Structures are given as C-alpha cells and as structure tokens.
Amino acid sequence: MTKAIQSSVQVGELATGQALTVPLYSFIGSESSAPSVYIQANVHGAEVQGNAVIYQLMTLLEGYQVLGNITFAPLANPLGINQKSGEFTLGRFDPITGVNWNREYFDHQVDVQAWYREHQHLTDNALFQAYRSMLVEACQKRLAQPFGISTGHRLAVNLQTMAHQADIVLDLHTGPKSCKHLYCPEYDIDAARYFSIPYTLVIPNSFGGAMDEATFCPWWQLTQYAASQGRDFSVPVSAFTLELASQERIDLDDALVDAKGILAYLSYRGVIAENVSPAKMARFACYLRDYKKCHAPKAGLIEYCAVVGEPLAAGQPLVNILRIDLYGTDQAFQAISLPMDCVPILHFASASVHQGTELYKVMTKVFALPSV
Amino acid sequence: MTKAIQSSVQVGELATGQALTVPLYSFIGSESSAPSVYIQANVHGAEVQGNAVIYQLMTLLEGYQVLGNITFAPLANPLGINQKSGEFTLGRFDPITGVNWNREYFDHQVDVQAWYREHQHLTDNALFQAYRSMLVEACQKRLAQPFGISTGHRLAVNLQTMAHQADIVLDLHTGPKSCKHLYCPEYDIDAARYFSIPYTLVIPNSFGGAMDEATFCPWWQLTQYAASQGRDFSVPVSAFTLELASQERIDLDDALVDAKGILAYLSYRGVIAENVSPAKMARFACYLRDYKKCHAPKAGLIEYCAVVGEPLAAGQPLVNILRIDLYGTDQAFQAISLPMDCVPILHFASASVHQGTELYKVMTKVFALPSV
Amino acid sequence: MTKAIQSSVQVGELATGQALTVPLYSFIGSESSAPSVYIQANVHGAEVQGNAVIYQLMTLLEGYQVLGNITFAPLANPLGINQKSGEFTLGRFDPITGVNWNREYFDHQVDVQAWYREHQHLTDNALFQAYRSMLVEACQKRLAQPFGISTGHRLAVNLQTMAHQADIVLDLHTGPKSCKHLYCPEYDIDAARYFSIPYTLVIPNSFGGAMDEATFCPWWQLTQYAASQGRDFSVPVSAFTLELASQERIDLDDALVDAKGILAYLSYRGVIAENVSPAKMARFACYLRDYKKCHAPKAGLIEYCAVVGEPLAAGQPLVNILRIDLYGTDQAFQAISLPMDCVPILHFASASVHQGTELYKVMTKVFALPSV
Amino acid sequence: MTKAIQSSVQVGELATGQALTVPLYSFIGSESSAPSVYIQANVHGAEVQGNAVIYQLMTLLEGYQVLGNITFAPLANPLGINQKSGEFTLGRFDPITGVNWNREYFDHQVDVQAWYREHQHLTDNALFQAYRSMLVEACQKRLAQPFGISTGHRLAVNLQTMAHQADIVLDLHTGPKSCKHLYCPEYDIDAARYFSIPYTLVIPNSFGGAMDEATFCPWWQLTQYAASQGRDFSVPVSAFTLELASQERIDLDDALVDAKGILAYLSYRGVIAENVSPAKMARFACYLRDYKKCHAPKAGLIEYCAVVGEPLAAGQPLVNILRIDLYGTDQAFQAISLPMDCVPILHFASASVHQGTELYKVMTKVFALPSV
C-alpha cells in the first residue's frame, strides 16, 4: 500500500500577504512508458464534489499497482473556494473582474507549420517531448510577462503548466443543479465509454478557454498538421471535463462511483496494472451545437419541473413560472415547454429569476454511445 | 367565487428612481366582528415558497365564505428578492449595511403603565382600538423621522403598519435547507396544533427584532399590565413565523399542504365560515433556549449526514468533514456528532465552510404537543 | 426654449415582475438632412457622471436651435445601477454571470460582400438607409431568439437598436480613478479635437464587444468593401466612448465642461445651428497597442503615487507597496516603477490588492494631436 | 535601535484549510511598571490606513526608549481584508451573516458586585491583576464554547484576549469618506488632547459591541462599583477608536502625522521615556447623542457638497440630488440641507443611493476642547 506524496504549488498571493497555495498529491508510477495523469478539482469554488472523488480515488489507488505518474490537485482555486456571499460560494468568477475562472487558460496559438518544419526530423517520441517542452516554457514565459498578468490568468497558467506535463488530464467540475455529464473532444469520443457518466457532450477540437481545450488543442493541431505532411500518429494527449452532478454537495458514496469510473479509464489506458471494467450502463451523447441554453422568457418564481438526466418529450413542462403580481390573470401561473424532445442536463440554482436568466441547459438530438 | 382585490404599497425607492412596491391582495370579510388577518411572504429574498402558499391560499379562499378581512403581501421585500450574487439570491440582509431584513422592525417600547392609566376607563374593544391606533401612529411617525430612516427600517415599518391593523399576523419564511417549523410565542402555544407543521419553537414573549415579535409584544405587555391591575383579557393579537421548508424552492403541491394548514387555523379563529380540520399529524416542540446552533469546529468540506426533521440519537454523525489538505492524517475525514439526542431542523446551504460557520440548528429536549 | 420629450424603453424584467426601464429624452431636429444623435450613460452601474453631463447638455440644448434629432438614454442600465455591495455599486458585470455589461453588444458579422452585391445599385443615401434597416432588423430578430437571450444581451441589444438609428453615437463612461479620455476609432481621429478631453485612445476599426465598436464596425466594413469595388464615401456613422473621469462621482460643474465639449462636436457636425468652438487645450493620443495594463507583481497595500493625467518619467514610482507582514525586511515597503515614460490614465479603486490586480493603465508612446 | 519582534496569532480557518492568522509585532518595555499597549488596525477590511500608521509608529519607536510593552496587530481581519467585490473591499461585515465585524466583541456582563465582594481585600494592583485575569479567562472560555462560536466572534474574542492584557488599547479604523475623528469615553476625555485628531465623539461608558467599549466597560464598572463602596481609583484601562480619514487609502505622509499623535499620547502616559508634545491644533467634540445620521430622503444621484471636517451653517447644502428621470420637473435637481449648524464628519462612498441610505454623519452642538 502506497500513499500519495504531498507537496504544494503557489498560485498567487492575497492582499494580506498570504500565499495562495494548492495542495498536490503524487503517485509515482513504476513504468516510465506508462501515460502520466493530472487530475484537478474545484476550479469553480462551489463545485466541491471533485475533491471527494479525488479522496476516494487516492484511497483506492493505495491498493493498486500504479504504472504511470499521477498528480492530483484538489482545491485548485483557493481564492474561489473561500469566497462566500451569503450562504453560498461565489466562486464561479473573479469577484473583482467577473471573469470566469474557467476561461483564463492560455491559448498557445502555436505556429504549428513553422514549429513542425523545424522539428520534423525528430522521432515521434522526441517530437512529442520537444512539443511538450515548448508548451511548458510558453506557460512559464507567460507567468513572467513584463507588465504582469491577472490573478485568474496566473492561477490558470500555473495549473496549465502542470497539466501540460501529463498525457491524460481530467478537470473535475459540477453543474449548478445537474446530472453527471462529460465534455469530450470529438477525436477522443471512444473514451466516453469508460467513465460512469451517462451523458456526453461532444465538443469541437478547438480552443474555448477551458482547461481541457487548453490541453488538447495544441496537440490536435500538431497531429492534424503532421497528417497533412504525410505523418500519422494519434493525438498524444487526452483531456476531459467531468461534470459530477450538482455544486455545493459532498457525497462520499457517490464519489466512490465516479472514482471507479475514472479508474476504469486509467486501467484502459494502462496507467494502472490491474484490469478495471467500466460500469455497465447506457451512455448517450449530443454535439455541442445541439446543446441548448433556455433563457427565462419572462421574470418570475420558478418551479423546476423537468428532472435532470431524464428524457423530456416535446411539449412537456420544463418549468412553471409563478407571477403572483399578476394573480387574477392568465399570466399568474404558466408552464414553459420546448417544441422538441430533449434531455435536461442542468438547471439554475435559484427559484426566482430575472428575464433572460439561463433556466435549463438541454441536450437535443441525443444519440446512444456504443458500450466498450 | 370572489377574487382578491389588488392594490400595492410603496416601501422605498431605488437609486434609479424606481419605486419599490409590494403587491397587496385583499379579501373583504362579511362580518366586522370576525378577526382580520395579515399574511406576508418573502421578506428574505431567497425564501420564495411563501408566495406559492399565498397563491394557493388565495385560490382556495375564492371558494370559501370569508368573514374577516384578509390582506396578503407576497414578494414583501422587492430589493432583497431582486438582489442576486452568482446563482443565488443574496436577500438575507441589506447588501449595503449587512443588517438582517428581519431585524429591522420597530420596537415600540410603549410606556404601558402611563398609557393604561390614561385609557383604562375604555371598554375592552375601545381600549384595543385605541392601542392599535397608537401603534399605527407610532409607525407613521417613525417613517417621518426628521433625519430620515434606513432603507431596511423603512421597509419593515411600512409592513409593520399593515400588520398592526390585523388581529392575526403570519410571516412566511423558510430556512436554508430546512424542515417545516413554526415560531410560536409561549402564550399562544395552542395555535401550533392547527398548522401543517411538525416542529414548533416556543419563543419568549419579548422583542427580538422580527415581525411576529414586533406585532405581539406590545399586546402581550398590555395584557400583562392590565392583569396586574385586575383586568383580564386574552392577548388580543396573534402573530407567528412559519418556516416552510427550504429557500430557493417553489413547490406548488407542497404549498397547497401549507395553505390548507393555514386555512385550518383561520377556520378555528372564525375568519372563514366553513369548518376546516387541521391535518392529523404528530407535532413536537422545544423551547428557544433548547434550540442549539452548531458551529463548525474546524473548516472543511461538509457532507451533511443528518436529515432535517428526523430525530438523531446522541453520538450519531451530524456531518462528516473532509479535509483533503490533510490526506494521510486522521484529520482527513472526520465525523462530528452531538452528545445528546436532538432533531436537526435546518442546515447551512453550502458544502464548504470556514471555521465557525453555523452548520446545523437542532432542537433538544423536544416534547410532543397534544392534538386538537 | 424647447424641453426634451420624455418617453422610456423596457429593457428587461426583474424577478419580482418589475419592468426594467430606461428613461429616454428626445429633441426633434428641424432639418431632416442633419445628422441624428444617440447618447447614453451609466451602462456600468458606478459610472454615474455621464448622467450629469446629459443633464447639463439637455439644459444647454434648450437654448440652441437643434437641427438633427437627438436622443438621450441616461441611467441606461437600471439593474447595474441599483446593484450595491457594501458601500459601492457593483455594476460592472452581471452579478449572476460575471459578464461585463459592456461586452454584451451584438456582433453583426455582416456578409458585406453578399449584401453589397445585392444593393450596390442604390444611391448612397438609399444604400445607407437599407444598411441601417438591416442592422436594426437583425437586432430585433436577436431579441426574439427562440431559446431566449441572456439578461445582459437583452439590455445591450435594446440599446444598440436605438444606437443604430443614429448617425452619431456617444457612450458616456468613466474609469475607476481616472482622468478623462476618449476611445476613438482610427478612421475618425479628427473628431478627437472637439471634445474637452485631453487623452485619446486610438482603437482599431474592429469589433471588441463595446457599444462604439458595435455601432461603427459594420459601417466601416461597408465603406471598406465599397472602396474595394471602386465606390468611395466616408464612414457614414461615428461612435465614441467618452471616459469622463472617475466613477462614484457626480460633479455638476465638471459635467458642464464636458457638455460644452460635446456641444462643440455636435456644432462641428451640424447637429445644432450655432457655432460652438472646442475648448483650447492640449490633446494627446496613443494607440491601443501602446496602452498598457500594469498588474500587481505582488500582493499588498497600495499607495498610488502617480497622478492620473500627468506624464510620469521612466523610473518614477507608480505605486508604493506596503507589506507590513514583512516588516523588518527590504520587502516591507517597495516602490514599483516602469522602465519607460508614460501617462497614467487610471488606477484601481481599492488600496489593498491581490497579486495580479490591475493597478494602473498607462499610455506609452504618447503623441500630440493637432488642434482644430 | 530595536526592531519589534514578530509573531502571529491564529484567529480562524478558511474552507480550504488555510489558517487565518494575524501578524503581531512586540516592543518589550524596560520598565515593568510602565503601562502596556495594544494597537490593532484594519478590523474592517477597507480601512487600511491604520496599517500605515502602525508601520510609521514602529519605525519611529525603533529610535525611542520604550518603557512599557507595546503589541501591534496590523491586518487584524484577514478574512475581511481579502474579501473583494468588484473594485472595492467588502470588509465591513461577515459576507455570510451580514454581522458587522466590529460588533462581535464579547460583552462580559460581569457581576461586579459579587466579584468585588470576593476580591475587595486585595491591594489595588492585585485587584486589577485578578480582574484582568478573570477577563482573559472569560474570553478563553468563550472560545471553547461546546456548540462552537461564529467566525466573527472567534476573530473578535481572539483580538479581545490580547487587548485585555494591555492598559492602553487603540483600535485604528477609518470612515468611508471621512475626516479624522476619535471615539473617546466620557471618563477619559482628557486623552483627546494628545492625538492629532481634530474631532472627538464623546461616547457613553457602556457596551455597544466595539473593541474600545469591550475593553474599558468592565473596568469602568469596577471603578464605579468600588467608588460606591468607598474605594477610589481612576479607571485602570484606556481604550479609544481612532478614525484616520477615509477607507481604501494608503498615505504614508499622513500616517506619520498620526503616528506622532499616538506617540504624544504614549509619551504622556509614560510608555516611552522621551517627551513628545502633542500637535498644536484646535480640537472639537460633541456627544454621541448629538451625532446625527442623515438618511437619503429620496433616491437619486448624489453630489456631495459639504466638505468633511469643515463647519456647515444651517441651510447650506449638504448634498444635491440629481433625478434625471424627473428632468423637466422641480424634482430633477434638489439641494438637501439641515436646519442647524453642524460639522459633517463623513459621507457615503457611492454617488447613487437608494432612499434611506445614510448620506452623512454630522456633529451638532460642537464644542471646543481645551489644549494640553
């Protein structure tokens, strides 16, 4: 039985001078050829369940033979986690600037053509190693910008520096009131069959600001460009965002379920020696373009009718809107529905909304994923 | 079938010049001798369910014979309701001053002795009418203070002015994550058997800042003083705070349950002509002094184990605290329990807490209330 | 003497059902050929001084002969203005989503080539009229999106709909602690000589999310494309953002200065019949690429040394950082300076900062603008 | 030259597990009979200037002969200081509960009669020592409450424990936009002549929740009771709140002025060997009952006309209220004044206010204090 080794990384500094640090836990793999892994949780302050999953996963791993290096970064955003506002955690964006903590990662915008021309003589492994070094150095240069960088960018690029050193990157999030779902790049869709997650969003292979994209995009671009030059390899790096149900919730039993799902994926990838089968369950997916945000068409008090994770037929009520100020009119109580079948994936956390608040996100044009 | 009559009251003014108004709905009773009623909801911005109860109650009342005047003030704190912070409603206190909206009511501090000496020659009814007028005028005078009054006090005293004109006052709140419970003054404990609420907090007959206390205290003082002078009457005014489960939740079916409970009380008091029986259910109570706040002994991520509304034996876990930064030590995962039996009534809404955050409120020394 | 005509526009709805409305004031011009004007203020909640400028401008205009239609939209963001957090206005971003209110305008992304091909037979005036109609209709279609739009986008597109109907658009903002400065598109740099504003930022002619860009970009694109097809006209629409010193400040005397500056520009453009000369003053500019954000290299308490609007030589202290937790070391009190000459334009509002907080924005490579 | 000795005290723990600590600096006095001193700053997060004063004072003290022990606790409320909301520090109240950080101190409610009966046989010095020990132990017991205590109370009682061990306690605050003023208990009014502070509020000798009151009240009660029993001594402990101009401001030069004022008081009290004269300046005072809060009689945009610290004659404008939504009426721009002479001491920080916002605090019935 091997415990993880603890260290920490400083990601900023508070006004009082206190260092902002993230705890790190590492399992050292026994095979240098096995893929390495980086798993972080809680970049959004209220999305705490990923820490419980890491806790269960570390406890499980103590009993496995670990082949590849695995690094865990729980509580990855101390500023966001500690930022309360009333009885809730206001940890979705920098309270000073409003910028979403999950849109602060560095977009490398590598000139792949030039880089490849210079490095094409290398073997695959040496090529990958050189590319990885270039990405890490670009992050370090970013952290040393002459005019400084923002608080959120500093946090993100510090985390990204660690992620770039791994072959597999998992970013553990949750929705507001949500069922479990996975963000998976289109090129890596087969991976979705290993996690214990029923719904998968298939995302384009391009940068949108999040950790998963920041990690795999440069590699996907390299792979594409090499292919155009007649050299074929699969994308050397995998990165996913796991949305592990609802925010402001710690559930150790459920965390164990997700820890086992992650273990199944790591087993499939050869990170651990043992064989761990994925859970038998139906898995569904939709393309990001078919993932719809439903905004409140009018203000009011909201009764959330649709259950997240359960298919909803066209015309069935998504929400009821109570407008007690309009008592006595037909606007006082009104159901809102969609004209197409969907699966509601998450809904807003508050029961009273302004016009335009995002009430639900729903998958449309959902299709089944094949099992392993 | 009679609909309520709509009007509104202005309770303030926003920086842009917009009036802050509360919608009012009135049923005019057919019997001037029947008690009059004032029911408000949503003084704390996130506590919206009372509006749904009012909606159901108004709809029910359309089919009843209403004897006493009934006034409803839903959405009673427009500033608090509209104040969002992230995905939640930051409506528990004035965002400028921090003062709890429910601690802003006016403490009359009547010189009962002097007032009684001057008015003791009146008949009971005339005495009550004079006392009521004095209370209303004191509120109006308060609103016209030469140096002005605070935003929250203006709201509260406006609401209080309406409450003082009724014989029965119900203030509809919710807890954070909560089971239903009732705040009931000691002298009026019999009333607790009518509402559909399993747990009752028996509160002292003194002022603590809330609407119920602001309403009944001056009357209880008058009754006490008159009794000391050899004149006996029961406290002429009843006031209760109903905590209708959790905040940020609209549930029309459950609202109907509570509307019927209120109707049972109004029936018992003769506000409606029809006989409505209270729900058959076990009801329990504890004294306020036995209602305990459990503060987090240390910081961490919280798994809330105890179910609100269900008795918890001494030594059973209230919460588990996950401290993933202490992984590898016996502090990493720790259960917290109490040394006595209790009934957890409500818990904090967030799953990560600083040291000292109020985790649970629990009733101890709980006793059963007799049925009607 | 003619007063402006008052109306209003609804831009949203609050949770309680209250309409969010913006007051509008219009002067009707006597010459249909004169340019029309749209001026808004206070899209960021704390940036109130523009309202005072509008007040002074409306008062002045009562005494002038108005040729072109002028519409004023003060208090343009009621939700933002009314959102307090402690003693300050938290009006820079949507408190729910964190999105900057000034990055919510609609990017038309007109397919100019296709549109021009279809409309090139029109005379200039008819061409402009058709283009304008297309922009307005695109906004209206946006407001009617099937899945709804966000609160901030609804506000922005409503304002934008009004702006598109004018030839001249002024968006009145302020900085945090700031000297006056103007955002001016490169093609319209001559306009900078009319306002009473010492510093001008010359911005590219492309969309970045703000009102000025949302207004002029489609027109600049049309102009460019027409020129490429051998048809020359100047960009038919002008749009500027005026930063009128510091937020959380109302100063009527200073507002009069800026009202007169705007009047000088309107006079130059023929919106009023009278000749109003611009203030005699030195005016300077720099390109946006030379406008630098200085982030706090470390956390601490900040003494802001550099005076906004006054040139600062290389090596002179921008701020002193007090780190009393490091008393006794050479880190306890430290000056921060830049290696090049600059003009500090604005600084952060708080005197204690986390690492990475934006301390100052400074102009570098400043050049003088010629006078009128 | 002697530097202060650094240590720290833990006052809480953040959700992520980080300790909340306050840095402490101590000068050890050479005379055990000299009074000991405790000085804290920044209990309200935005009120940073006290840290600069402590910095200057520590630097000055390095050159003096220190007779009594002096302990400094700058950055005394790390949670409040680090809590930002937009560009400002939201540090006036606990963001979870709304409770003012400066109203969380422990009210001992000593049963002085019983305590004195038991200890009256002691000499004055032994009596004081026993009383002091009792206060400190009561604080320690408070920190160990079986159901825990709130975050704010934990912070306050930790600070209070240190304060109770000193003879002189200074709590360094600031107003929002404020001139310098001193809170001074009535019994200790002579002390006001030493600080470099022009205005003094003479407060009652009773508990209101703040540090100064928490410190001196038990001692004043003891002194009073002993006097009633025929034993006379002066109140053994002095405690003052210094309001050092405006929040969100660091000014080292001005901090030096206040450091010298404090030094003059410490010199007068024999804490340092050297003689330091108080600044020659006029000093004025008023009783707390004559200190008036002026609330906004209506909402609107505020031009603050009255300069803090400068006398304002009756009828002169305190503020102008701009209501641009009422343009064209006589309500559009309106001056607000008071019917009596006053000295405005501080005003609200934001330029747009809801009805009821506290605009100014003003001293009335101001009288001159004699010089030393």
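Think of it as A, B, C and D in the order they're written, each chain with its own count starting at 1.
By definition in this document, a contact is a pair of C-beta atoms (placed from the backbone, for glycine too) under 8 Å apart; a residue touches a chain by one contact, two chains touch by 3 or more.
None of these values were measured; they are calculated from a predicted model.
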(request) List every chain that touches both subunit A and subunit B. (result) C, D
(request) Select the chain at the greatest separation from subunit A, using centres from the mean of Cα atoms. (result) D
(request) Determine the centre-to-centre distance between subunit B and subunit D, using the mean Cα coordinates as centres, and give it in whole Å. (result) 36
(request) Calculate how many whole Å lie between the centre of subunit B and the centre of subunit C, each centre taken as the average of the chain's C-alpha atoms. (result) 47
(message) Centroid from C-alpha atoms only, then distance subunit C to subunit D, rounded to Å. What do you get?
(response) 42
(message) I need the residues of subunit A touching at least two other chains; which ones are they?
(response) 14-17, 75, 81-82, 84-87, 89, 92, 96, 301, 325, 352, 354
(message) Taking the touch rule as given, give the residues of subunit B at its contact with subunit A in the complex, in rising order.
(response) 3-4, 6, 23, 25, 45-46, 48, 51-52, 54-55, 58, 74-75, 81-82, 84-93, 176, 248-252, 301-304, 320, 322, 324-325, 327-328, 332-333, 348-352, 354
(message) For the complex, give me every residue of subunit A touching subunit C.
(response) 12-17, 20, 79, 92-94, 96-100, 147-154, 292-301, 323, 325-326, 352-358
(message) Which residues of subunit C touch subunit B once you look at their complex with the stated criterion?
(response) 14-18, 21, 75, 78, 81-87, 89, 95-96
